[in-house]
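One chain, subunit A, links the two complexes that follow: it is found with subunit B in the first and with subunit C in the second.
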Partner chain A sequence: MARTITLNHITKIEGHAKLTLSIEKNKVNRCELSSTEGSRYFEGLVLGRKYYEAHEMTSRICGICSCAHVVAAISAIENALGCKPSKQTKTLRELLTLGERIRSHATHLYFLALPDYLGYESALAMASKHKEKLERALLIMKVGNEMIKLLGSRDIHPVSATIGGWLKLPSQETINYIKENLIKLKEPAIKTAELFFSLNYPSFSTEGYFCSLKDKDKYAVLDGKFFAGGTEKAKEDYLSFIEEYSVPYSTANFVRIAGKRYSVGALARINNNQDKVSINAKKMLKKSGIKFPSLNPFHNNIAQAVELIHCIDEAIKICEEIEIKPEQLSKIKVAAGRGVGAIEVPRGTLWHEYTLNNKGIITQANIITPTAQNLLNIQEDIKSYVPSIFDKKKEDLIMDIEKLIRSYDPCFSCSAHFLEVNWI
Partner chain B sequence: MKKLYVFGNQYLKEDSFAVDVARELKKEMEVVFCDSPEALFDCEEAAVILDVVKGIEEPIIINDLPLLKTRKMLSLHDFDLAFFLKLFKEMGGDKKFKIIGLPEKGNIKILSKWVKENI
Partner chain C sequence: MIKPKQKLKVGFYGITGCAGCLLSVIFNEDEILNIIDIIDLKAFPFVKEVNIDEKFDYIFMEGLVADNENLETLKKARKNTRFLVSLGACASTGCVPAYRHYTLKENYEHLLFKKQKELQDVSPTPIDSHVKVDYYIPGCPPDKKEILTFIKKIVIGIEPKPYESPVCVECRKNGNACLLDQGKPCIGPITAGGCNAVCINGGFECWGCRGPTKDMNLDLMVKMLKDRGFDEKFISDRLTTFVGLKMPMIEKFLESNSKSAKLDTKFSGRKNYFK
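Showing the complex of A and B:
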């Protein structure tokens, strides 16, 4: 008997998404994962605007990843203008980005992923029995949030980071305060990793590539080349290897490399850069009992937990080493040019590209989010995964598919509010 | 001195009135303008929250959290004030919240006086 499953709203992910599955004789005939939110036109909105407006405007793409869009846009515009920011500026941008990753990973792990594995509908439902875990989550989120607020001058859509520098530098006391708070997170981060190691993950292997930035000397955040399919590629050449294309059932573009699917995010980063995580993160990777690189997308939760430890260690290191000095913004000579910015953000590699005319006005823009890059891989993973769980009860089957989707921590940029399932 | 935690978006006409009233009260009490509910992480055991409540014409006091309407926590975008308040309650913490709800518009002087008397 053929059956069709339509998940009109996939829950506990960022934004609207819909899945249509048609199954016959244990074979998936049709699998379409679509982003169903309206087109948002950010690439069009920035056209005709000045070069210094791109980061403030594109920050509004998402309140969860606003720092990511700010830093990626600034980086692309600086590349277009040939502007070189100071070392201090780059370090502060990295710290801001780490703060956002700490906040985002803790929130996803505890409030969206954990209820699945502990058998609750939501974090609210598990609050009375798992108070300690949620208190830990709230503490980590608070520190990440405060980092963003202190460095970026706002806890969402930060305004301190700008083209060529920092509009309001944090004081050395602020940096020390951030460091002290981060130190308090070391133990909760270890406990988080232990908790996520202890959960039972389904056994499954994806066939997609794992892509991320790869830096020579460190765990890549802002710099490095894009590691895809075993080779390192220059960011500015991204159009020669990344292909965006549309499908009739989704308002979001799909993305592939040389016709093949791939994924970005914490698991891809750990798979590609595990030798560059902090000592504590390395120890925990070993303790996880999982051999990395792992091809199991469910292990993205484990990778996020290990990254949490690494991000905290790295941010503490930055706070210990940086000596805040007053400095002017880098000089900007407005000229025509094209620039690409690609940075690692909570959900994977984020691409921004802008072309400016000789008056500094944006004439072309392209933004590729991590979720867009993951869409094809998620869809194809579902297609391969479903036959192995086909004999499960309807509710359990849906739960397992949603778990798989959620393991990628997708963000469709606006919220999904309910789940509706149609069985035909 | 009592601390007032204020929620609202000054740029949205229908959501800015609590911010306007709180500005009037700033001289007389400590006011915390909150960008997100996470600001409540640091509040004292008993906190007073000021926010606009849709559909009311007179100010109200809400002590009973279950009265607040919450969506299911399905995405990070559902982290609203009501979710956090209910989460704190479910976790059984010591924090007690009193919410002063204001209508979307009104006389700032009269309502700031009302808030001061009812805080």
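Showing the complex of A and C:
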């Protein structure tokens, strides 16, 4: 007898997604993961707009990773114009991005992932028994948010970063204040990692590649080459190796490399760049008892927790080293050109590409988000994971599938959701 | 408005949007745990597995209507709640996704999703194009304290009121130098404040995400921008990026601007927005 499972509204993820699974004689016949997000066509909306307007508009793609879209769009446009930002500007962008990763990882780990493992329906329901954990999460989120607000003026859709520089520079006092706050996060971050090490993760291996940027001598954030399937590739050639294609059941494009699936995100970054994380993060990696590179997507939670430690250390280092000096925006010579921006953001590598005409007007745009890149891999993982849990009760089976989906921290960039299950 | 006898049954839902407004609720890090104590939080699918969708006193809705499924969710919410609160710019004005009405069709037509019936596009519209809205919390996203204040007010029975002065009032209080004086295309003078002029504080001109003020002088705003050297296409783009569908008289302005596409949607306009 065939069984069909349809998860119409998957909860505790960012966005609308749906899963249709059909099982016959302990074999998965059909497995379709689809984004059911209403389409917004940002790539069409920015056409005809000026080069300095793209980042403010594309920021609206995502609330939790808006800094990411701002910085990626700015880098792509700068590349198109041949504009080189100052070292200070780049460092501040990196700091902004790190702040975002701190708040995003804390939000995902505690609010979206943890309740599954502790047996609660939500983080809010944990308030009475696990108040300490929740307060820890909120503290980390607060410091991350405040950091973004102080640098970008708003914690969601920041505005101070712009083409060629910073509209309003933070003062040295602000940087010191951020540093003091980050220092307060060191212990909570270690506790977070210990908590996520202590959870029981299902054993499972994905067959997809792990892809991320790889930088020469640091844990890649803004720079580096794209490391895919054993080779390093230049960002601007991305169309030669990344292939986007659409499927009839999803409003999000699927993405693959040379016909193969791959994943991006914290686990991919740790797998590819573990030798470059901070000393504290390295110590914790060892303490996790897990050998990296790990092929188990559930370990993405662990990778996020370790990254949290790394990001805090790295951001403190930046705050200690930077000396803010007044700077004018770089002079921009408007010219026709094409530019690609790819940076590491909370959920993986984010791609923005723009073509400008000689008046600085955007004539072509392409954006590939981390979740779009992960979509195929999540779907295929579910397909190969389900046979190992066939004998579970249906609630447990669904819970395990949801856990797997959530471990990727997908961001269908919007939310919906109440779970409807059709079990035939 | 009277103080409710029991805890208010509240739900937070999202349709097509970026989750930024829902995150703004949670990002009240110091107060969120207290807030969920003073209300009866029945549904919040972004962070909750169990969401009881029966009867609500208040539903906060993030996002705009962009497909048939959105419409269904919205109508169900309207049916289930006494008061519907439009949370943020997408729900209130259609925000950037509804700017599609003011761009050229050939820019996005090839991207349209037509493959599956229930997911087919509907014209991107704010929620009050489809159902009655009782309150608006504008902004992309709203100030997170503003959301908190709204909840506190309904809990103790005080009618929440919209902030109606232009962005310039708070901007001046904050001691910012005027960006229009520096030749930047700031549309703060015709935009409702309540945001503490947060963008201008960060050196960035206002794009009008909170919607126009009741008594705005659009002609003068357009003239000020033209005087600063901005052309009609640029001006109409800026005026319509976030709030085109809620900008009264914008049709008239667009008619005189042959370079932009004409409005091809139902215009619900100011009457609705400032009820």
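Keep in mind that, in the parts below, the second predicted complex is superposed on the first by the 424 of 424 C-alpha atoms of A that agree within 3 Å, B and C clash if a C-alpha of one lies under 4 Å from a C-alpha of the other, contacts with A are read in each partner's own complex, and residues count from 1 in each chain.
Heads up, the rule we're going with is that contacts are C-beta pairs under 8 Å (C-beta built on N, C-alpha and C of every residue); 3 or more make two chains touch, one makes a residue touch a chain.
Because the structure is predicted, anything quoted here is derived from the model rather than measured.
In the three-chain model built by superposing on subunit A, subunit B clashes with subunit C. Contact comparison for subunit A: of subunit B and subunit C, C touches the greater number of residues. Judged by the touch definition given at the top, the superposed model places A:S128 against subunit B, while subunit C stays out of reach.
After overlaying the two complexes on the shared chain, residue contacts for A:P188 are found with neither subunit B nor subunit C.
Using the contact criterion defined above for the overlaid structures, shared-chain residue A:G164 touches neither subunit B nor subunit C, since it reaches no partner. When the two complexes are overlaid on their common chain A, residue A:Y249 makes contact with subunit C while staying clear of subunit B. Residue contacts after overlaying the shared chain place A:Y41 against subunit C, while subunit B stays out of touching range. When both complexes are overlaid on chain A, the residue A:M141 reaches subunit B and subunit C alike. In the superposition on chain A, A:T107 makes contact with both subunit B and subunit C.
Shared-chain residue A:G63: touches subunit B and subunit C both. Legend: residue contacts after superposition of the two complexes on their common chain; A:G341 is shown touching neither subunit B nor subunit C. In this superposition on chain A, the options for subunit C are 2-10, 74-82 or 236-244, and subunit B clashes with just 2-10.
Touching of subunit A by both subunit B and subunit C, each in its own complex, is seen for residues 11-12, 14-15, 63-64, 107, 111-112, 121-124, 127, 131, 134-135, 138, 141-142, 145, 154-156, 414-419. Looking at the complex, you find that subunit C touches subunit A at residues 13-24, 26-27, 29-30, 32-33, 36, 41, 43-51, 53, 62-67, 69-70, 73, 95-97, 99-100, 103-104, 107-109, 111-113, 115-116, 119, 121, 124, 140-141, 144, 198-199, 201-204, 207, 233-234, 237, 241.
Residues of subunit B touching subunit A in their complex: 35-36, 38, 41-42, 70-79, 83, 86-87, 90-92.
By the touch criterion stated above, subunit A contacts subunit C in their complex at residues 9, 11-12, 14-16, 36-45, 47-50, 53, 56-57, 60-64, 66, 103, 107, 111-112, 115, 121-125, 127, 131, 134-135, 138-139, 141-142, 145, 152-160, 162, 166-168, 246, 248-249, 251, 413-419. Residues of subunit A that touch subunit B in their complex: 11-15, 63-64, 104, 107-108, 111-112, 121-124, 127-128, 131, 134-135, 138, 141-142, 145, 149, 154-156, 414-419.
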